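Here it is: the structure, laid out below.
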Amino acid sequence: MDNAVSLLRAECPLVHCITNYVTVNDVANAILAIGGSPIMADDIAEAGEIAAVSRALVINIGTLNARTVESMAAAGKAANEHGVPVVLDPVGAGASALRCQCVDRLLREVKFSIIRGNLSEVSYIAGYESRTKGVDSGLTAADADPVRVASAVADRFGAVTVITGAVDTVVGSGRIARIKAGCAEMGKVTGTGCMLSGITGAFAGAVSDPFEAAVAAAVSMGIAGEMAYERTKDIGTGSLRTAIIDALSRMDDAVIRAHGGISYEER
Amino acid sequence: MDNAVSLLRAECPLVHCITNYVTVNDVANAILAIGGSPIMADDIAEAGEIAAVSRALVINIGTLNARTVESMAAAGKAANEHGVPVVLDPVGAGASALRCQCVDRLLREVKFSIIRGNLSEVSYIAGYESRTKGVDSGLTAADADPVRVASAVADRFGAVTVITGAVDTVVGSGRIARIKAGCAEMGKVTGTGCMLSGITGAFAGAVSDPFEAAVAAAVSMGIAGEMAYERTKDIGTGSLRTAIIDALSRMDDAVIRAHGGISYEER
Amino acid sequence: MDNAVSLLRAECPLVHCITNYVTVNDVANAILAIGGSPIMADDIAEAGEIAAVSRALVINIGTLNARTVESMAAAGKAANEHGVPVVLDPVGAGASALRCQCVDRLLREVKFSIIRGNLSEVSYIAGYESRTKGVDSGLTAADADPVRVASAVADRFGAVTVITGAVDTVVGSGRIARIKAGCAEMGKVTGTGCMLSGITGAFAGAVSDPFEAAVAAAVSMGIAGEMAYERTKDIGTGSLRTAIIDALSRMDDAVIRAHGGISYEER
């Protein structure tokens, strides 16, 4: 799909996020930068109502609590009833019993269009052994195969599944995309994964095929990270954070085409 | 009033904010930048106590929940009892039943000195038909007249009422100010409205006339946005956000006088 | 200790933070910048579990509420049981009855390795008279002696006690360090104290002696503030904030040795 960014900017989809308070500002600014319109609303009294009128819902469990888990479930069900695509970011899945129970429940009660996490988080969902150290990527399950893990999740839950890492893996029904974009230094800025999940929601609200939405989001975020690092590598990670939003705000389809780095295969 | 900024910097008023977690950091930094001292406290056990010793209270319902709505009401009442001016930012009023009920209740239970929102939010308060898409400005009620809407709210609730947009409208008792400052790109940074409400509280804590406080805040924010956009228009919206705080931290009365763009009329 | 930063970067300790939502993003990015791995988790159902597997726990009461106070206590107890060092940042202690009660309770139920606050906050803990205006430093108790106040807290609670100000004071068992680093403009960025508490946790997770950890953190933060101010003094406080994280991400032991500014004495 060669025009995902221009389509997104033309549509300016409303993206409802129930997300963590650590990175919520960056998620909102990333969604605005790529062309969407974010709304954060996590009270159970309005979560379903807002989700129902949004073009996408993003559920991120990074700072979940007993109150917001209920709102996540309610918003997810309302989105499902109204045909609104739902993105799950299972931050820290496997790191605590609460996170495991929350993810298990959401996967039972809500149909997700796209699930995006790091290898350890998605391995938990796949049912593989996964010991997690904190919420950061690349710390465990290093020997697992992302395509195998993502395929297991995609098949079991019927969701396009994205595992981000040095190479991002996107697995849909019958299709795999591998995306070589981004840089390791993005891991030194909190919330690059959350921002990616946020813009994945924005693309999913504008692009009808969730596989194409997930690929467009991952490549946009990766390129933004590369551009930002190039600008700020001699400055530091505070500037890298700002530059990632800058790059997202200037992203366009021509930049993505010129970058390349996406390979597709059937499965 | 030609010395609002210097007065604010001399007074350094304590500004109590019960505000949303999306933009709270920018609100705090904006208040510091313009010369105030922010304190965020939203538990019902301390909200009234903190409000009572503050110089201004800012209530922003952007990520309201059942718990914080009670704190907003309690803080507002305590502020009223102690003569502390209260600013309302009715983020997303009209977007959900919860937000409508919250705004209705706050307007019944608390006397506001200043109400600031976009046209859609203030139209809801005015009782006009208003369908809201998300929390962003300019999306609906585009054909309504800001002066008419703001005047209805000002008259009904006895509050200086500010509607921000391409031109900001400030309506007080017998007075109208129109402020031409700012730029459309500010809408690509989350929280420029929240920041404005925050610094409106700071000015209200130092300047005795809420109409003058509201005008000074709106023109300061608008100029900061223009200066920031001038510096960052070839860079991106991440840098624009940072540059807005930069510009607020360097704002002074001479810059405001030199800018102009404020016109007054009676009503 | 001449290799604290390199040790921290080599260890990359997991740092569990229950902290306020105003500055949580900067705290996370500061911990990442200095070489740690932050995790924010404040639900009572997981707070103890996460604390138990972390290398340090940081409790910051900046936006405490009835729910999170319970989580702070539970996490603190779990950390104590598992030998995980705990850092307390008593934001606004003395500013409300709730904050006083919370601090009193935490000090009864949890053994802290390090307590870090401004003079007014630590004076409250010391039991001295302290009237607090908001959460900012330097506003009251200006005539008190930091060494006397910190020593009283260190002796009573058996915790390394840090009072930050124009000169930072670190008091341990039998030792005092005075650190001349940083600049007044850091007070114009919200959360520099919170960031310092966060990286204090990171150092405490890598350096076995909490006194050395506290000194390394304070000097790192102070130098970062100086470097950042030097770069941004003609720009503004938005850029100062970003530059502080930049400087932390480039901090190393050689920079600290070259800076000097630390003096030690016995007590």
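Residue numbering begins at 1 within each chain, and the chains themselves are lettered A, B and C in the order written.
Everything below uses one rule, namely that a residue touches a chain if its C-beta (ideal position, glycine included) is under 8 Å from a C-beta of that chain, and two chains touch if they have at least 3 such contacts.
Computed from a prediction, not measured in an experiment: that's the story for all the values here.
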Quick one: compare the interface residues of subunit B with those of subunit C and tell me same or different, with half as the dividing line.
different
Specify the angle of rotation obtained when superposing subunit A on subunit C by their C-alpha atoms, rounded to a multiple of 5 degrees.
120
Where the CA atoms of subunit B average out and where those of subunit C average out, how many Å apart are those spots?
32
For subunit C, residue numbers touching 2 or more other chains are 21, 25, 241-242
Residues of subunit C touching subunit A in their complex?
14, 21, 24-25, 28-29, 32-33, 37-43, 45-46, 49-50, 53-54, 67, 241-250
So in the complex, which bits of subunit C are touching subunit B?
20-23, 25-26, 62-66, 92, 95-99, 133-136, 187-191, 235-239, 241-242
